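In what comes next, subunit A is part of two complexes: it sits with subunit B in the first one and with subunit C in the second one.
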Partner chain A sequence: MRHDYIDRYARIDSPVHRLPAALKLGVAFALVVSTAAVPISAVPYFVSCVLFLLFVMIAGRLPAAFVGVRLLTLEPVAAGVALLSLMQHDGLFVLVRILVKSNICLLAMVLLSNTTPFADVLAVLRTLRFPPLLITVLALMYRYVFLLIDQSERMARARRSRTFSGRRARRWKTAAGIVGHLFIRSTERAERIYSAMTARGWR
Partner chain B sequence: MNTLEVKGLSYAYPDGKPALKGVSMHAGDGECVGIVGPNGAGKSTLLLHLNGILPADDRRCGEVVVCGNLLANANLHEVHRTVGLLFQDPDDQLFCPTVREDVAFGPEQFGFPPAEIDRIVRDALHEVGLDGFEGRSPHHLSGGEKQRVCLAGILACNPGILVLDEPTSDLDPRGRRDLSRLIGRLPATRVIASHDLELVVDLCSRVYLMDGGEVVASGPALEILSNEPLMLAHGLEKPHSLQHRHPHQ
Partner chain C sequence: MHIPDGFLDLKTAAATGALSAAALGVSLRRLNGSLPRRKVPLMGLAGAFVFAAQMVNFPVAGGTSGHLIGGVLVAALLGPAAGVVVITAVLIIQSLLFTDGGIVALGANVFNMGVIGSAGGYAIYRGVRLIFRNESGRLLALMVAAWGSTVIAAACCAGELAWSGTVPWTLGFPAMTDLHMLIAVGEAVISALVFAAIAAARPDIVAEDPASAPVHEGRDLFLYGALIAIGIVLFISPFASRWPDGLESVASRLGFASAAVARPLVPSPFEGYTIPGLGSPVAATVIAGLAGTCIVFAGGLVLARILTRRSPR
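After this line comes the complex of A and B, so read on.
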């Protein structure tokens, strides 16, 4: 089984994919920073941001449905913070502001990660002299997140194949067991990976 | 001379359970030595010691001698370079985002000249039959390809001694055959721990049979592996290819 849905389209070919990774990373970073800084009253700015990102999506041959689903999966974080803001004075205004700004930033990140292979992003960070340890951690995270998803799905499937009662309390209990197991397995794997790194000269 | 010698090695796990009890073995220059035994016999633990991965502390006693030098904390880095270790699960060993970076990892750590690293990576991938795989990411490879990239990552460091832990465990018959042929033609000294007894028959001249953390028998591969009562007593079986062959044939 393969889990490449995080960056499923990162390795297809399009005019956007062919642009240098450094340029795409720079534009995405500038867009995020300026979106956070520009006041919400600057409507033309936000409209042009959205239009620009939609243009990138179309030029990058990314299916709108895929981008939409990715955005929705990331939405709870932004929406959660936005909803909390309703409790304060002028809450509705703040809610709109947070939703607009965070969605533009998330969209920029979804587009970046699906038009640029992660290894290329890391290569740019390396030339920019980011701390090597940070880059190693990012590289390891990217490498093993797929394995972790795989492992949890295999365990969930094994559980489903032996689950006969639909009692909710019981389901929660087994789910907790799976999380615990995953944690132990991940720690053990981390130790083995460290051994493998040491064996090839890491120090 | 790429030789490896273990003298009276004992080791206990952190919980105090003994894993190795006075194990002695050796591998001569260019020799291919097999280590067989049931699950939990201590084969993997022994292999981790050969490359100095497990610490030399009070839970360990005995000696590991690599190319005539006693393994100690001071020469660990040198030993890592001399002894290439292939882990059982390729996913533990392929920790970089691309094949190129993974194969280049060892040479970079050991300070090979940066200008040469591209050529080293290309040569190592060519040696394992994966030309042009540089840009692929490990999670898109098949089991056999992963195992071969792991081997390329080790060959790239140009080690004199190769230590392989279950190299064929996840492979289909063709992948297994290819890897076996590849390992067979490498000039390095090789130590192979495996349940794949046919592989041991094909490649190894001598074997050590381990059980319960001890070496219970050692000798010429065909003699040990075709001793059916001995194999059965230690949770193994006489390989099919030896069923009708005389041990001294």
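After this line comes the complex of A and C, so read on.
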């Protein structure tokens, strides 16, 4: 897996990237909250939101194709719930409301994660007095999640190259074996990380 | 079950956010008091593990596949407080970086998948363990807990969407619970298989050591249980009353509803779960339900005090 795929543009340079992370986080949060609060009849609000976000995208030198693909990945989820909402008496109205609001929020979050490195987001949360344990867990998770995904993919590839087919029950057992070993390796890795962290002065 | 932004209104987001923040606060306080420094990196790695494990495919049928959700498994391996914190961290990373689940909806997602899915599942796990104490009872308890917590979480999710006016309850509730009754079977089987695989390779990791069991676990589970009960009262009970219950519908069909006693033997404070003098029926149902929960909660507390005094450990 491409490790930097998700926030691939977080570390490029642009006027938006140079803005303080706290400002970007605050604006994104305010925009998402106000979008949830504003009624759908306030068309000027939603139009100005979209224009503002498109301006941020261009000023942040993010390719429109990349942002578009990231947006489309959510659509199946939205479509599923939207279909359910369509089956009430003002369903079309609810459908439009969901699609407009969810896409604006999604666009804001894609832009935030691709203009702000995650470490900077965590630094802002730390100054906001978020619980230190939660921040440590988030930082470690961001550091190691792609490593573990790679590790599980290597194990799955090794299994595929050694087995041909097999009954479904058998395949479930081997998949569960992979997940189980992933957990065991994670605990062993956590012990090594603890030694390395204390050796470098972590209290 | 990840609710994206734009699906919930502010009152639902605020209510779920408050419940989740309370549960997270309880969990973090417990961990700050009892978690050894040595175990802190394991928390981060457990979060990364849940994320990576969700990408391992379990073939179902016709090219579709399922995956582990992991809340109950993590709680069974590391404890309920760690389960809530780890699942919360996973959901924060998913919403900030992968835009899977929203920011405003984060409270709801943490409540459904972290508080119900992990701590609530752990409470079911402990409950079943009280009856089936042997080794295979652990796998059975894990399966019951994984199934039950997934279905309850789905029902709460439907309640939150209905409360926001996004999906009507009569549609969302059957759709969500029916679908998740099937998904939950997969979750139960996968959780048990993974747990068995860990137990076979490293029995020391899953060993139950009564000496190292958290001292205040019972009190924690009580707090989580109270938070979940408030959530169910808020998100599910306002809708439950719209369907007449079995007796009421039979009574109206056979025509003896009007013959029911007009003056009850014992006057009830909340007649039909509503409070007289309150305009909105939904608000009245919610307040009556909350009051009922508090009364049951207080009753349970008193009962627990009496019972524990009788048998000092």
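Everything below uses one rule, namely that the second predicted complex is superposed on the first by the 146 of 203 C-alpha atoms of A that agree within 3 Å, B and C clash if a C-alpha of one lies under 4 Å from a C-alpha of the other, contacts with A are read in each partner's own complex, and residues count from 1 in each chain.
The definition used in the following text is that a residue touches a chain if its C-beta (ideal position, glycine included) is under 8 Å from a C-beta of that chain, and two chains touch if they have at least 3 such contacts.
Just so it is clear, the model here is predicted, and its values are computed rather than measured.
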For A:Pro20, is the partner it touches subunit B (first), subunit C (second), both, or none of the two (neither)? neither
Which superposed partner A:Ala156 touches (first subunit B, second subunit C, both, neither): second
Name the contact category of A:Pro63: first (subunit B only), second (subunit C only), both, or neither. neither
Look at A:Phe118 in the shared chain and tell me whether it touches subunit B only, subunit C only, both, or neither; answer first, second, both or neither. both
Mind working out whether A:Pro131 is in touch with subunit B, subunit C, both or neither, as first, second, both or neither? second
In the overlay, work out which of subunit B or subunit C sits against more residues of subunit A. C
Just to be sure I read the superposition right, which of the two partners does A:Met197 touch: subunit B = first, subunit C = second, or both, or neither? both
Hey, what residues of subunit A end up touching subunit B and subunit C alike? 118, 139-140, 142-144, 147, 189, 193, 197, 203
The answer for subunit A against subunit C in the complex is residues 6-7, 28-29, 32-33, 35-37, 70, 73-74, 77-78, 81, 84-85, 87-88, 94, 97-106, 109-110, 112-113, 118, 121, 131, 133-134, 136-145, 147-149, 151-153, 156, 168, 171-173, 175-184, 186-187, 189-191, 193-194, 197, 203
Once bound in the complex, which stretches of subunit C touch subunit A? 2, 4-10, 13, 24, 28, 31-32, 35, 37-49, 51-53, 55-59, 68, 77, 85-86, 88-90, 92-93, 95-100, 102-104, 161, 165-168, 171-172, 175, 189-190, 193-198, 200-202, 205
Mind pulling up the subunit A residues that touch subunit B in the complex? 2-4, 117-119, 122, 139-140, 142-144, 146-147, 189, 192-193, 195-203
Subunit B residues touching subunit A in their complex are 48, 51, 53, 77, 80-81, 84-85, 87, 89, 91-98, 101, 105-106, 109-110, 137-140, 153-154, 157
